[in-house]
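Presented below are the structures under discussion, each in the form of structure tokens.
Both of the next two complexes hold chain A, though its partner changes from chain B to chain C.
Then we have the complex of A and B:
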């Protein structure tokens, strides 16, 4: 426990250093406050913004798109991944398509999505799904195809119907890998939803940043960036807690 | 549940490409939407872009920025990741900082970096560098962490210094994992390149794409999407060939790429 606390303290050092350097740059006049507002000002502004309704609505819009896109990606990714691992036929159909689509820069598809689905939630949620899908799909596939064959055989020998083997053996055995994929997918969702909102949007954190950049309000540019970073940390922490709850029977993974 | 070898693996990606294009063509014909051209119309518009000398120079300039950003990121991130993997203190020093930076979209830093460094090559390359470094650091870290202790002990017993052990044992042992990170980083470099140019709207492939969108030249929009997509797929395939040569000795892991944004 003390070792963990030591590690945590050590980790806070670079964060403190960055903030100190930031403050020093402003205080010693290397950077004008209009370009680089002092950290105190930015955090005060953040605290102040968090109580205003418009900012809360922006955060809510971002979160809604993030979760919608991410959840669709989880459902699709896990289903396709398991199906591809279970059936050679589906595998031979999915594999080449994934090979082509996974390295495609999905952000470049965004103009096409805009033209097809309009400027509302639809196009942004689709983009988030498209980007978060592949890490989840690939790690599900990887997890499910490395399940030990003996486990499946034992379950079958013990009289489990083949249909139930999926839920009782394969899904739990692939869970650590699936959750790793979800974690990558979640971080990606944070990034993509922000980018999509920066490109075209009338609300959301990305829109706040773009508006601030257009009017040269440096303070307001830092606020959404810090907010998305905090959101990412919180969501990551929540997923980590969910993971250790779901995997409580597993050896350290 | 082991996946079996499927014959005709080489042709499969091409077939998949063709299938997707056919699907696109059918969807466009069925929807009959003005802003959704058919696949064939988009393919015919590709020569229009590539024949334009200015556009070609722009695309090449984008690629140069991407290459520089990618190369610098690898040079910095791999040693950092390896050191984090071998030393607990270094890891706990950098981990929280990286955790904080991770969910921030690197291209979103563009407006701020532009204020300091201008809209030129430097700020765009810096953003690409930032985007590529994180996955490379992460994968090098994971790779170095899982190096077998026994090999390091044997190395130490044979009189290798700490630095020598790093270069001669940890680096090769972590190489497959590092290359997985580099592959992710490569796709990321492309994505960051497009988004940074889209925000800085001065030159480059992303600029051509979003200018065409603003002008309502939908054929060009989709043609540019095909060009950028093809760049992604070609770079990935090239890297995969290189990787297969470098780590021929290791067991194949993912044969499919993990893409980030």
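Then we have the complex of A and C:
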């Protein structure tokens, strides 16, 4: 068995245990099945829901907000992070803003965003961006400011114009940190988009959950929860594969 | 991260008497001051003047921390001297350029590029067409003994192989001067010896000017036409020793040559005498 396959199997064991515990809680009567439906029922309902158009539309809305918010965060985070690392002037300007805004619970901005941007995509995308931005920005900044000086010198000596060093050396050399930041940002995006939809929304997975909870439909309440976990798993796997491909030359990180 | 060396212009120095027509690099009263983390001034180099002739293999030998690498960085244009100036072929050095190719102890290969990609970097920057650059670089990779490793990534190579790639990457853009900063310092003794031999073989072909920083006396004597000995911090030139040994040099013959042995012993003795105050120039 390959190491990868072994890792995968080892990772499945705790997952199976969680589901077993869930089943046990219902089977042994610690939780009433009407409030905590057994996992089999939830997964069956999920499979059923996935074929309905309304549920698909909710998934699509969530995914759209997640991707839009995350991608804007990547573009902004990488740009600002690199710029701050390259220019002491920009660094001095950006540093205080980041220090003030980074620890702020961004979800607290959501009521204001709703008033400003309305109930549609805009407010949710903005919130996702605001939350995913900082890990990406900070890891980009860190990666770009710790690029080995001699890589830059080697490029300059080979005739690279100084302004092209940013794209030809700094950005690729900082790629491992940037992609680590992106991975964290993606997980945060999954959480935040769901949260935003739970607070106020007319569609999306978070909205489905809240609606089900308010009408005591326990099974339907768990379906969006499982869905967002699975989406997160798939997206994280995809980003991990992209990362391995892009960083194939780098020592294991 | 400093993309550019600071551009503080060196103070104008009185023009020296015109050097020999063959002078490739002229270092003129160069001093270098650093600020330590405790915000104290530290004099790394003090009043260095040195002329390196075209085609010469010159080693700068000194204890660690004597500023010998800094001197190399000044010639490379990576660092601007606090005082004095460096010239290449009579023109002031104001920044890095493809006429001076560095090879660092840390290899500094681009981890995201393959061996071929690393070696092709320079020619591509110079605007050489991809196909042409690839043909040249494949030949160069073969010359440094890495045929078959073109598509490997640096992480898949040993230290000695990495340094061969780094040398090929620098040779690929045809610098007139090679600036080698303790290039074999991170290698084991056996690899080091092989690379020294190979470097000499490569150098014999086109006799580029080489400025070679090392703290190994044997290495300096074995490779060089001239050994520049430096003092401990602040780095001054203590002695310049011409190494009058026949070329091409072969290790097995040279190690038995009493003249080689005398050079090594004499220079090692000078080190043991401890730091000499004042410039020996």
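Note that in this section the second predicted complex is superposed on the first by the 244 of 253 C-alpha atoms of A that agree within 3 Å, B and C clash if a C-alpha of one lies under 4 Å from a C-alpha of the other, contacts with A are read in each partner's own complex, and residues count from 1 in each chain.
Criterion: contacts are C-beta pairs under 8 Å (C-beta built on N, C-alpha and C of every residue); 3 or more make two chains touch, one makes a residue touch a chain.
Small disclaimer: the values here were computed from a predicted structure and weren't measured.
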item	value
Which of chain B and chain C A:147 touches, first, second, both or neither	both
Touching partner for A:218 - first (chain B), second (chain C), both, neither	first
Which superposed partner A:172 touches (first chain B, second chain C, both, neither)	second
Chain C versus chain B, contacts on chain A by residue	B
Which of chain B and chain C A:249 touches, first, second, both or neither	second
Touching partner for A:85 - first (chain B), second (chain C), both, neither	both
Which superposed partner A:156 touches (first chain B, second chain C, both, neither)	second
Contacts of A:194 with chain B and chain C, given as first, second, both or neither	first
Contacts of A:134 with chain B and chain C, given as first, second, both or neither	first
Residues of chain A at both interfaces, chain B in one complex, chain C in the other	85-86, 144-147, 149, 152, 170
Sites on chain A touched by chain C in the complex	85-86, 144-160, 162, 165-166, 169-170, 172-173, 175, 247-251
Sites on chain C touched by chain A in the complex	1-4, 73, 76, 78, 95-98, 100-102, 104, 106, 108, 110-114, 121-122, 125-126, 153-155, 169-170, 173, 175
Footprint of chain A on chain B - complex, ascending	1-4, 6, 12-13, 15-17, 19-20, 33, 35-36, 88-89, 92-97, 99-109, 111-112, 115-116, 187, 190-191, 194-195, 198-199, 209-210, 212-213, 218, 221-222, 224-225, 228-229, 232-233, 235-236, 254, 256-261
Complex contacts: residues of chain A adjacent to chain B	6-8, 10-15, 18, 31, 35-36, 84-86, 88, 91-92, 95-109, 111-112, 114-116, 131, 134-135, 138, 142, 144-147, 149, 152, 170, 184, 187-188, 190-192, 194-195, 198-199, 206, 209-210, 213, 216, 218, 221-222, 224-225, 228-229, 231-233, 235-236
